[in-house]
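Look for subunit A in each of the two complexes below; its partner is subunit B in the first and subunit C in the second.
Let's look at the complex of A and B:
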């Protein structure tokens, strides 16, 4: 009960009215009126279908929507879907809403954890309104291992397009796997579930000075504390379109959080060798192969411009050898251009070490990574342009092996 | 005649000896003040250094990019530079106090001026230090934002931001020090005005196409430019 102080009186009253629950579903929102209605109905359907006897609450944490999103969440009743289905709740299904100060990424997760602790929820699931195809089955798929099998953390696996989530396939997954020793496909998950005890421990131990990327830190904390983890296959991942300008915020939330976690987690990751598979319910991971229009030329140009214009910034971050190599490939013609995996891994590790040493402002280090990521993305797209699902998976695996092989290089940089 | 010379010489020698006898204790006091001042300044330096380490001043400076500037100038860490500066200012203050004790006419006024000037010097150096840090920080932020936003001539933009901030900071520093206030004000006004006029002309002459393209993009709804928009990093 240590975390109730930042919750508003009104929200505490709502929690008191709800009482204790078995399951809590967290739904952070920000101007999601178009989709939130159907998402709440899907959640209700999933809860009533899979957990009819359990006490459950849907908690919406809104970051100041101007389109009545919170009102929509609380106004949707389980009775609204009865005519269309045979679902009957045996317990009252609550829907409550509260506000968080900043963006959903910054304050919502902490609110969900605090509410889960106050309501003594045994199992919690966090869903993102950005995923436009949430299925009722996801609730059961994510919650059953927690509720029935004593698992503490369930991360998702999806069927993704081979070029969807390039930051995950080219950096987050391989680096988390190499450093933390677990093959977790979606370390930055927007849908995942966790036990009440894991939530409480993270809530009490974590510093909330910078709330961005808390979900990733949560998953890394579960790994380092050796909680029981598994993955569940959810099916196709369809999410709202992101623009090119979203890359820097995405890097901040994922790479920034990962780099921040490396320093306190040093005793853990420096002792890890190799990587172990994680128990997965359903398919391990699936790759879709639909057509996708991508401007590789523009990606390469942005990379080359970045390398040339940011030379003074890179001199502070990268080793002379790596910078020289980047400048060499930046000068290549489009048809010859390739950002090799080994160079990419070294680049990432040197960025991580520079981030730790704060050679310049940390946010600037993350921003400087954007053009380099575009270069790597361009190479990944070129290499896998005509690849089958298995070939793409094989290339990702090869990159992961490079990250693991070059881990001593990171340790060497860390100790300098 | 000879007796007179001897008498005058003896009187002069006597006067010198008497003056020296009067001066010697004050010289000793001055040396003692300077010596004690050195010890006190050293202690102050150690205390300041400890406090700066406690508040992780080096880390703050690194985050702001100050360490890099100092490294480029082959200077030690920001904590060391600041603590050494405090030491020298403190010791110089004690030395001047000692000089004041000597009672040399003319010097006393200069010493008083120095102590009057000291706070302004500190404030000016403070403004200069953090101004340069701000210039470095914001020029780099501009450079990164421009590169990531595909804005043309990112280095030029970054340099313009740095120059504007440095000119602004220098004008404040000179005003604080009270040096050539009017000249600085006029020079700053001319430089800033010229810069703004130059930018306005440059934007007007060179940015016509850019502005047209920008407006066309904004006005043309529904026309999707082929880009990496379909790629989701997450």
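Let's look at the complex of A and C:
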């Protein structure tokens, strides 16, 4: 029996009406009515300003909003802005919308890739509705390397607060860099652009049973297939307040996806030594130092509680030496607490190896990582409490070097 | 003067409808380019008269003749040195009268040029005016001791002129000119000039000409602190000429040449008491733009901005003419796009435009040529066909100025393309000889012999257009299918409705049209007269091949 298409007839009709395009902008949404209007206007300004001659479509993939988000996306016209902006679109600029599964992370990216292939888009960009500080220039910054310079993937770099993106600085960036050999700052990006050929290849070669983390797998796939990659600086990254309960889903999407990729990518990453810089347009990365309140005490307590309560789980995942060391630091007084970099790297690598072997349910492995990450985050916050931007960057670099230095340890675990 | 004495002698074949220009298809031709009857290498009135059967068979019912007056020909006749005669190269006044009569016999009206804004600097009026500061005709032109007045006026011929003022060494003063410096502007603040221009019109109207194309009319009057275009005083002058013409020569027509935005053009129609027709300049480049972009937006956008005009008035539409494809009425962004896509060679560019003919602009793609003519014939207005475009003639960008699109008409594949018996080197301009567009490949004789030639297709579409008044007189309502590559509209006049669907794309397209307002009608395709499925409640699905278009008469039976 033929596989049923995940694209609805109504969506296909919209695509037929749009026809072939040069540029596709993907915008996954879920109840973003308050901000999506200005974001779409900014995207339109960016397209008209930087790509006035190109055929473009804005594709909204909505996860069942109840606040008319899709209607807002499709009703906004560049011509409405004309008197204020003096922008004039040479050709019709389409905005279309379709639905995906309840979570925008699941299915949205696949829908964007499918639409890009059907519309034969040369260049695509995925944008986040959370990026309320989006600038029209982002469109050019992300798309020009694809459209004009033959690049296949553009990942962003940002000006981040020194304590924003702790999962990226303490795990994703150093581990992707160590294993895949490229200094890609934001391997888990909510804004990035890619060529149509990269999109088509990924669409056809990947299983889409679970759409979560597809963006990270996409970027890793681009690295292993040796597509041309660069980074573009987008400026300030809006800090999105997250609840403690958001961490496990985030770990599933990021760390889970990364761990999942390691097995099929073994031939690639096992042959990689060291790491290479990636061409970056604009600044590499900037750190800003403004005040940001994070409850370190609470993080340490959650770490200690987790280590104690999940001992039996950790016995399945971690080596006795690593577990013993974690238990030792879990008993430290608050002022003495430190989760050293080397111990953290070994922890992560041991989790990765256990994940591969599925020593217990893989989702439980990911969940078990949450308290440990909180402990590492607490240490990072403490160590960099009074650090300058350069010092923070130096510490991140040092952690990356540790990940690279200890990579043989991961290989050793992998081969056991 | 009694009206009976001013009517042309032979008007029996012309219909008496005073709105005749609404149903017309106009053929634009330069006497010099069409047919040489005396072997001197230059087309003439007798030659044109010999070819009236060809023009009649094409199906057009009006001819617009470019300037044929005595002139030093430094601007292809738009530099007139005598308004009351004809250039000797083209024949005599009697020859013109015979042409006029023969055209009328065939039901074809004649539109001539009235270059009213300026004269040649060789015109006796200017020679007198410059002869001394106290000459009676001194004030017939615009003089100044300095070149500082009217700084707000733009320079139109940017490639050749650096100022709108030119120094006259004879009278040691500056004279005003909006075009070439050898074309001094007449001073319409002077009542004597206005009276004399009416005398010029009267001269030709009495002879029987049916209409004037008034050249460069926005520039008639100058005022300090303005851009010297479209001034209220200009409209006063024009209304006065129109009133006199209507009183003395009813049924004649004035056509405005004013390269302006539609909103600025609107006043030239007045309350139906100024011009009968005006060229819709901004639409033309946007038709080319829409075709290249494969997007209807440029066309629908400019037509949305086009104001309603009085019922007796009409837009005049064209694809190409004797000038460059003007890009004055587009944005910088659009101009750059047009240059890059239609004139990649700098030699193809002139002033703010592209000096190319229709077929080369469209890469000699028959489908695109047909689609563009289909839109020309079906959008609201009176279409004008530039001579030679009906057979897909090419151009010669190696000739200077706009002469590359003014080469001899290609009648056959024989000597001099059948245009003249003169030695080839005596022709007023070289023939097109390249392998694609040269006269051996592109000529009337060959196309008349081929049922499916462009020429015969043009005859068919003109005939189909003429089968209904809806195209010339009907309203337009744009349909807005989501597929932006489709330009669709319904033309309606009384109970008659015609649906036009154009595929601007180079690939096949499907389109769903909302035709609920026409539920129950049966679309009859107007070329083949075949029925299509009856219109119902559901979106009406059509598929169109690359650059295909349909005209459907929506019949309620």
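As a convention for this text, the second predicted complex is superposed on the first by the 410 of 416 C-alpha atoms of A that agree within 3 Å, B and C clash if a C-alpha of one lies under 4 Å from a C-alpha of the other, contacts with A are read in each partner's own complex, and residues count from 1 in each chain.
Following the convention adopted for this analysis, a residue touches a chain if its C-beta (ideal position, glycine included) is under 8 Å from a C-beta of that chain, and two chains touch if they have at least 3 such contacts.
In this text the structure is predicted, and so the values were computed from the model without any measurement.
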{"item": "Subunit A as common anchor, with subunit B and subunit C clashing or fitting", "value": "fit"}
{"item": "Subunit B versus subunit C as contact partner of A:281, first or second or both or neither", "value": "neither"}
{"item": "For subunit A as apex, the angle formed with subunit B and subunit C - C-alpha centres, to the nearest 10 degrees", "value": "130"}
{"item": "Partner chain(s) touched by A:53 [first = subunit B, second = subunit C, both, neither]", "value": "second"}
{"item": "Partner chain in contact with A:14 - subunit B first, subunit C second, else both or neither", "value": "second"}
{"item": "Subunit A: partner with more touched residues, subunit B or subunit C", "value": "B"}
{"item": "Touching partner for A:167 - first (subunit B), second (subunit C), both, neither", "value": "first"}
{"item": "Touching partner for A:92 - first (subunit B), second (subunit C), both, neither", "value": "second"}
{"item": "Contacts of A:389 with subunit B and subunit C, given as first, second, both or neither", "value": "neither"}
{"item": "Touched partner set for A:370, first subunit B, second subunit C, both or neither", "value": "first"}
{"item": "After fitting on chain A: smallest Cα gap, subunit B-subunit C, Å", "value": "39"}
{"item": "Footprint of subunit B on subunit A - complex, ascending", "value": "163-168, 188, 190, 239, 241-248, 250-251, 254, 292-295, 298-299, 302, 305-306, 309-310, 312-313, 316, 357-362, 364, 367-368, 370-371, 373-374, 377"}
{"item": "Subunit A partner contacts - residues on subunit B that touch it in the complex", "value": "59, 62-65, 67-68, 137, 140-141, 143-150, 154-155, 226-234"}
{"item": "Subunit A partner contacts - residues on subunit C that touch it in the complex", "value": "289, 293-298, 331, 333-334, 337, 481-485, 505, 507, 509-510"}
{"item": "Complex contact set, residues of subunit A against subunit C", "value": "14, 16-17, 19-20, 52-53, 55, 88-92, 94"}
